[in-house]
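Two complexes, one shared chain (chain A), two partners (chain B, chain C).
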Partner chain A sequence: MIKSLDPRVTRSEIDLNNSIDPLKDLDQWETYEAFHQKKRGEQHIHVGIVHAPNPEMALLFAKDQYGRRGITANIWVVKTAHIFMTEYDDQDIFETTPEKIYREAGGYKVMEKINKYRKETKISK
Partner chain B sequence: MNQDAIKELLYKMADDLLILGHRNSEWTGLGPILEEDIAFSSMAQDKIGQSQALFEILHSLGEQEPDIVAFMRNANQFHNSQFVELPNGEYDFSTIRHFLFDHADQLRFEMLSNSLFEPLAKLSRKIKGELKYHVFHANIWVTKLGNGNEESHSRMQNALNECWNFALGIFEESQFERQLIEEKIFEGEVELKKRWLENISGILEKANLKIPNTNTWQAINGGRQGKHTPNLQPLLDEMSEVFKIDASAEW
Partner chain C sequence: MYGNAYIDPNEKSNSITDGEDIQKLNAFESRISNGEKIEPKDWMPKEYRKQLVRMIEQHAHSEIIGALPEGTWITRAPGFRRKLALMAKVQDEVGHAQLLYSAAETLGKSREAMINDLITGKSKYSNVFNYPAYTWADACIIAWLIDAGAIINQVANAKGSYGPYCRALDRICVEESFHLKYGHDNVVTLATGSKIQREMVQAALNRWWPPIMHFFGPSDKISLHTEILMKWKVKMATNDDMRQQFLNMYVPKIWDLGLTVPDSKLMKNNENKWEYTEPDWDEFKRVINGGGPCNAERLAVRRNAEERGRWVRQALLAKDSKYLIPLA
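Here is the complex of A and B:
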């Protein structure tokens, strides 16, 4: 039997009763919010967070977490602590009354104009 | 062009990447933190992909299928440097090895992007971004840990000392060195080592790490001729275990 050098195999020999001293203080790294841009000129879209000790490493990790599949033009990272946000308790500030529905994007009737333009310029679709 | 010289070059590059790719993949699930685990695993996968591309070129020169070449040879038929077959040890060792090897690897491909052997030149251009990222990653970790605290610094320095002579074994010259240079296939190991030393010196200085004293330098060679440490064969057995159950299976 060959002795495996792979720790995934050899760890089965670790004594499970061996107690691990708990940490006195939390020593976790900070989090950074990651923003992904698909094409140059497009908006960066928030895609998630990474743990990192500094911005350089946050960029490295964001590249692998969020940029390694599909197309990527650019990535931003921002310290989570540097984000300012509204309070969820104040969520009611976003509500509109029913009679102000014209303010919502769905209230715009642009399809007519688009179709008219298409007819004029003979663009089929 | 000298086919034997090209094959020798391709084999040593492919074997280095396959073996180190496999070694680095042993960290999957065990990396220091989740993000780094994913990054390191992803780079290990890149290396195996790069080795496959080189085995494909070898196949086009009449060698066997990539899977057969990768999984069916014994240790003494491998041309990788002994450096890449050493067990992972702790993360300091793996990080320093990643740094020393990947700098050499990036430079080697960069030099090959001008090779008159077109398939290699083409591959070099194709994987340029991957290699650049691997070196970014290595530089950031080495600089961070070299300047961390006393423990991280001394661990990195010890790992560097431990790796050094093995790393010099990457540049073991082949019997075809002169032909490769004359035919403008590859500028040679001596030139590669020179550029490598220039590149890593600046980063190591920033990381506050010292290259061992030149009078202690003694390249650990032999890997390129099939001489290996006892660490390689168990790796190969494990790597090819599933493949060998049914070598003709379609995946």
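Here is the complex of A and C:
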């Protein structure tokens, strides 16, 4: 056994056989989902979670965890419990059909109609 | 062993998927072979969940324990700029632990349970952190070469199949590139410095070489179990492949600095593979099972931190708190 080089061990004289009671449920608090906005004008993006006892501290931890380098304009946190979501197993609710082409810009081919009309009516340039 | 899937050599491999719903298993496997990710609430085989929890948890512990040998050097880092940089690196490592604990939590193991398993010695963490950082040069070698090894592992695992782990690793890899550059810069400073500095960094390299060779773990036994974990994209590369990749990338960089690697057998053979002296796996086993120079101290420091912070966490705990498994 070497003599420790760690000031935490040598100066605070930590007993190497210290034992502690196990952590109980919620020792690490509940979780908040964090959303990060890089620049004004951009969307907030979900970046992960933090464990925190309240929203104020969740914001503090989220700043440390997700905003400690690069640029940040804004952070949101919301309790995990307050998020509602669809089920991955219900993937079929997002299925779309070819006839839904009426929702897409590509579903409208006006030039074809115009060209046909011009040909028929002999409108010249 | 920094977050690579662990295969118990005594486990019977035909029992891996026993009792699983074959239809669900097929759908799960075809999702993975299509390159799609698995998300927390998806159906998954028991063995997939078990291996991922073990792997991600062990990875998280490695980040948090890995901060200890380096943290020791913050107050003694030469110069204000290096103190700031080392503090930032250590903070990043602790942040990595948090990201990884979160990813493991989505699989159903609470952070409290993981910390309990760490401080009682039930869970493992990367063996390299059971060795001390004797000098400033040791801290520099850790920041360069241990982080380099970690990056190889993390880049591979980031292409795995479990969504939350991949997302955490993507964030982590961005920060690791700073760690690597910072470590390399420090080693270059010493290696291009005075005679005393060169001797110091060479001595640190000599001390750290065996743990570095241990870093990726012993050769994998090629078994059905390994094959399945690779098919499920839990294990992304064999330990030997990662070790080869490391040697290929870093041995030339070490030699560039006029340093020597303390292994007379180390060389690249005609098949473009590195040959080396087989690491001492008995020593590895002895250390990982608690017999290393710093095992007791690492866990004692962790227990001390948990104990001292406990009253603060309890005082802040709101009465109506309720734990829910995080979403992603």
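Keep in mind that, in the parts below, the second predicted complex is superposed on the first by the 68 of 125 C-alpha atoms of A that agree within 3 Å, B and C clash if a C-alpha of one lies under 4 Å from a C-alpha of the other, contacts with A are read in each partner's own complex, and residues count from 1 in each chain.
Keep this in mind: a residue touches a chain if its C-beta (ideal position, glycine included) is under 8 Å from a C-beta of that chain, and two chains touch if they have at least 3 such contacts.
Computed from a predicted structure; not experimentally measured.
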| item | value |
| --- | --- |
| Touched partner set for A:74, first chain B, second chain C, both or neither | neither |
| Chain A: partner with more touched residues, chain B or chain C | C |
| Touching partner for A:27 - first (chain B), second (chain C), both, neither | second |
| Which superposed partner A:65 touches (first chain B, second chain C, both, neither) | both |
| Which superposed partner A:83 touches (first chain B, second chain C, both, neither) | second |
| Contacts of A:56 with chain B and chain C, given as first, second, both or neither | first |
| Partner chain in contact with A:46 - chain B first, chain C second, else both or neither | second |
| Set intersection of chain A contacts, chain C complex versus chain B complex | 2, 4-8, 29, 50-51, 53-54, 57, 64-65, 68 |
| Residues on chain B engaged by chain A in the complex (per definition of touch) | 26, 29-30, 33-36, 38-39, 42, 87-88, 133, 136-137, 140-141, 144, 231, 234-235, 237-238 |
| In the complex, chain A residues that touch chain C | 1-2, 4-9, 12, 14-20, 22-31, 33, 46-51, 53-54, 57, 64-65, 68-69, 80-81, 83, 85, 87-88 |
| Chain C - residues contacting chain A, complex | 39, 41-42, 68, 71-72, 75, 91-92, 95, 98-99, 102, 105, 110-112, 115-116, 119-120, 132-134, 167-168, 171, 175, 293-294, 296-297, 300-301, 303-304, 306-307, 310, 313-314, 316-318, 321-328 |
| Chain A to chain B touching residues, read off their complex | 2-8, 29, 50-54, 56-57, 60-61, 63-65, 68 |
